[in-house]
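Structures given as structure tokens follow.
Okay, so chain A shows up in both of these, paired with chain B first and chain C after.
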Partner chain A sequence: MMIDIENVTDSYVSLKSNVTEANLNNSEKFKAELIAFIDEHNKKVVLDLSSISYMDSSFLGALVSSLKHAIASKNDILLVGLKPDIHNLFSLIRLDKVFKIYKNLTEATAI
Partner chain B sequence: MTQAKENKILLVDDNLLFLNIMVQALKKTGWECVTAMSAASAIEKLSTDIPDIILSDYEMPGMNGIEFRQKLMELEMFRDIPFVFLTSLSDKETIEQGLDLQAIDFIIKDTPINVIISKLNNILLTVNKQRELSTLEVQNAAKALNIKSIPQKKPEITGYDINFWHRPYNDVPGGDFIDFIQVDKRYTYVVLGDIMGKKWMAWYFTFGYLSYVRSAVRFATLSNEFSPANILQKVNSIICLDDVLQDILSSLSLVLIDTESGLITYAGAGDLPLLHYNANTQQLQQVTTDGLLLGMFAGVSYTEQQLVLNPTDQLFIFTDGMIDVADNGKIKTDYENFKYKLSELLTAGISFEEIKQQLFNLSPDIVVDDQSIINIVRTL
Partner chain C sequence: MRITTTRKEFIFLNDSLVLTPSLKQVLAFLEDSTGASLVENYELHFKVKSITTELLTNGFKHSHANTVNLLVDIDSSHIIIQKYDSGPPVTFGKPGPVAGKVQLSYDIMCRLFANYTGEHNVSFSIEECTDDEIPDIESVTEHFGLLIIAKCADEFTYHYNAENRLNLFTAVIKLPSA
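So, the complex of A and B:
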């Protein structure tokens, strides 16, 4: 598994990636695992991506595609723990307008 | 820079001593080894680390070698990894069963280690050769059909010098696409897109995207509508309606050069900010818009920016592969580093050809994405 389940509450499920280099080799499998979690729990997902030090466009595409799936089922994906380089990339290509990004789980679930 | 890529093997065997002997011998001949003492552990490791070849024992507790192979055949991303059985059994039935599961070969366990390694080297050499041939065939087919997602030559535009550079990932055509659409002597659109994916699949979709962009530009300009932002909005609306392109996202930079007014109008969709070099102040400034990736959501709007390029000013449009850098043998994305290095070279008055030599020289072994850059220089 590329995603470990950390916690399940009434309002959200928190997940943690264990991928270091997020690229074409693992993007499809990551997406399949993430969508399976969304479908199984049918609630907001808080996804910790702190393990990822490099993310290519295939993987970004897989994340966006998973978000579209979550939104279609009236759920959401909140991202936490992004490394500065990755957070910067999200800002540069405006994905920070699409994903809700927080520093950590506490911040993401505070509202 | 890193050295040439090592061959990586996943060794699966419940015998730790045998694994250690194999790892020692393989490492001596330049192989990178990943080991697993059970099929279940091997599947776990495969989820984060894809090897070039798998050598698996047949007799193992839990899932045996045949069941392991069956499991991998069910999973699309693992089924094409060359798979070799290692077994002490030499009975015909087991071998037939394995070959039915597309195992490339069987190696009997008491074969001398140096012979096993030679066999593995030969298998990988054959597989890679076959892959190269398949790639070559598709490349030849694409050439024969005259379908290109990158232009063959730069356009001639009065008052501007346009340069571009493109390197596909692993030398296989991928998701980056470039086009120069000359409406008339006055207006030219510069297009740079990046389908979110790599290699052949992304390359295939570049044609769908390029066709829509070309059509949208032509239809708009026929009605005297030149706004890049409006064109992007139309392209996005069509793409979101197209079932074939569902979930296929792309960034796009669309730049309109108006030779009469000297204005550049730019609209972007999930692309990296452009860089504008002001020759007078010797400053390199980011040019940003707020558009989202194409194909993400229907009905989103796009905005555009107008800028003036003074004589010898330059504009750079590029995809994310350009900002990857090697850091202690690992790849990372660093826009600021690219901007800083480019700025240094431009301030030193270096031409695009020289910049290509100095800045776009990451070793192909460490490059992990398509790389494309377009340079627009105002000459008059």
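So, the complex of A and C:
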């Protein structure tokens, strides 16, 4: 498993990636795991990506595809713990306008 | 920026498991060749890392050869990273354009274009959309590789050499003047 479950509340499920290198090699498997969590819990997902130091476009595409799935089922994916390079990658292609990105779980669930 | 003019060819096994080690190898070479300059310039380092990552990903994803090949050139004013492989030419957008501008992707955030300057010569360009609204998620593309390179490079081109059946992607990064 590339995603660990941290906590489940009435309003959200918090998940944590244990992947360091997020790329072509594991993007489809990660997406399948994430979608399985969304379908199983049917609530907002807070996804901690602090483990990731390297990310490529394949993985970004998998995250966008997962978000489409979440929104289609009236849920959402909130991202937390992005390292500076990863956050800048999201900003570069303006995916920071697509995903709700927060520093940590506390900030993400405060609203 | 104090740079030693140099060139190095990298030939990696075409196996996506070695993607990150390959990236680290190229970055280590660039860091060595540019002294501390690259490491200390966050923006430049980010661009080089992103371009190299995406050229390698493109290679591992699309190359039908046994290897993924990068050629890196550094001089006092540029870093040039080229990815090449043998095989049939790549077509961007509608098949068979001889000249003109083809839109490769579009969403509310930006448009990516392939500008054909010949049958097998393309330069990539971006047009940012100024709308700050949150885009409709269904309209957002899931393919970001060319977009990332086009955004990070000062020039990003594709050329197919029909004589030796070679596909060549070239990303040029201008270095800040000393």
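Here, the second predicted complex is superposed on the first by the 111 of 111 C-alpha atoms of A that agree within 3 Å, B and C clash if a C-alpha of one lies under 4 Å from a C-alpha of the other, contacts with A are read in each partner's own complex, and residues count from 1 in each chain.
Keep in mind that, in the parts below, contacts are C-beta pairs under 8 Å (C-beta built on N, C-alpha and C of every residue); 3 or more make two chains touch, one makes a residue touch a chain.
Since the structure is predicted, the reported quantities are computational estimates derived from the model, not experimental observations.
*Asks:* Scan A:Lys68 for contacts with chain B and chain C and give back first, second, both or neither.
*Replies:* both
*Asks:* Kindly classify A:His41 by the partners it touches after superposition: chain B alone (first), chain C alone (second), both, or neither?
*Replies:* The answer is neither, since A:His41 touches no partner chain.
*Asks:* Just chain B (first), just chain C (second), both, or neither: which does A:His87 touch?
*Replies:* In the superposition, A:His87 touches no partner, neither chain B nor chain C.
*Asks:* Contacts for A:Lys97 in the overlay, against chain B (first) and chain C (second): which applies, first, second, both or neither?
*Replies:* both
*Asks:* May I ask you to name which of chain B and chain C touches more residues of chain A?
*Replies:* It is B that touches the greater number of chain A residues.
*Asks:* Quick one: is A:Leu60 in contact with chain B, with chain C, with both, or with neither? Answer first, second, both or neither.
*Replies:* After superposing on A, A:Leu60 lies in contact with both chain B and chain C.
*Asks:* With the two structures laid over each other on chain A, which partner does A:Leu24 touch: chain B (first), chain C (second), both, or neither?
*Replies:* Touch status of A:Leu24: both partners.
*Asks:* Give me the intersection of chain A's contacts with chain B and its contacts with chain C, in residue numbers.
*Replies:* In chain A, positions 21, 23-25, 54, 56-58, 60-61, 64-65, 68, 85, 88-89, 92-95, 97-98 sit in both the chain B and chain C interfaces.
*Asks:* So in the complex, which bits of chain C are touching chain A?
*Replies:* Residue list for chain C touching chain A: 16-17, 19-20, 23, 46, 49-50, 53-54, 57, 60-61, 109-110, 132, 134-135, 137-138, 140-145, 147-148, 151-152.
*Asks:* Which residues, counting only chain B, touch chain A once they are in their complex?
*Replies:* Listed in rising order, the residues of chain B that touch chain A are 44, 47-48, 50, 76-77, 175, 194, 196-199, 202, 247-249, 251, 270-273, 290-293, 296, 320, 324, 330-336, 368-369.
*Asks:* Flag every residue of chain A that touches chain C in the complex, lowest number first.
*Replies:* 21, 23-25, 54, 56-58, 60-62, 64-65, 67-68, 71, 85, 88-89, 92-95, 97-98
*Asks:* Please output the residues of chain A touching chain B within their complex, sorted ascending.
*Replies:* So the residues of chain A in touch with chain B come to 1-2, 18-21, 23-26, 28-29, 53-58, 60-61, 64-65, 68, 85-86, 88-89, 92-95, 97-98.
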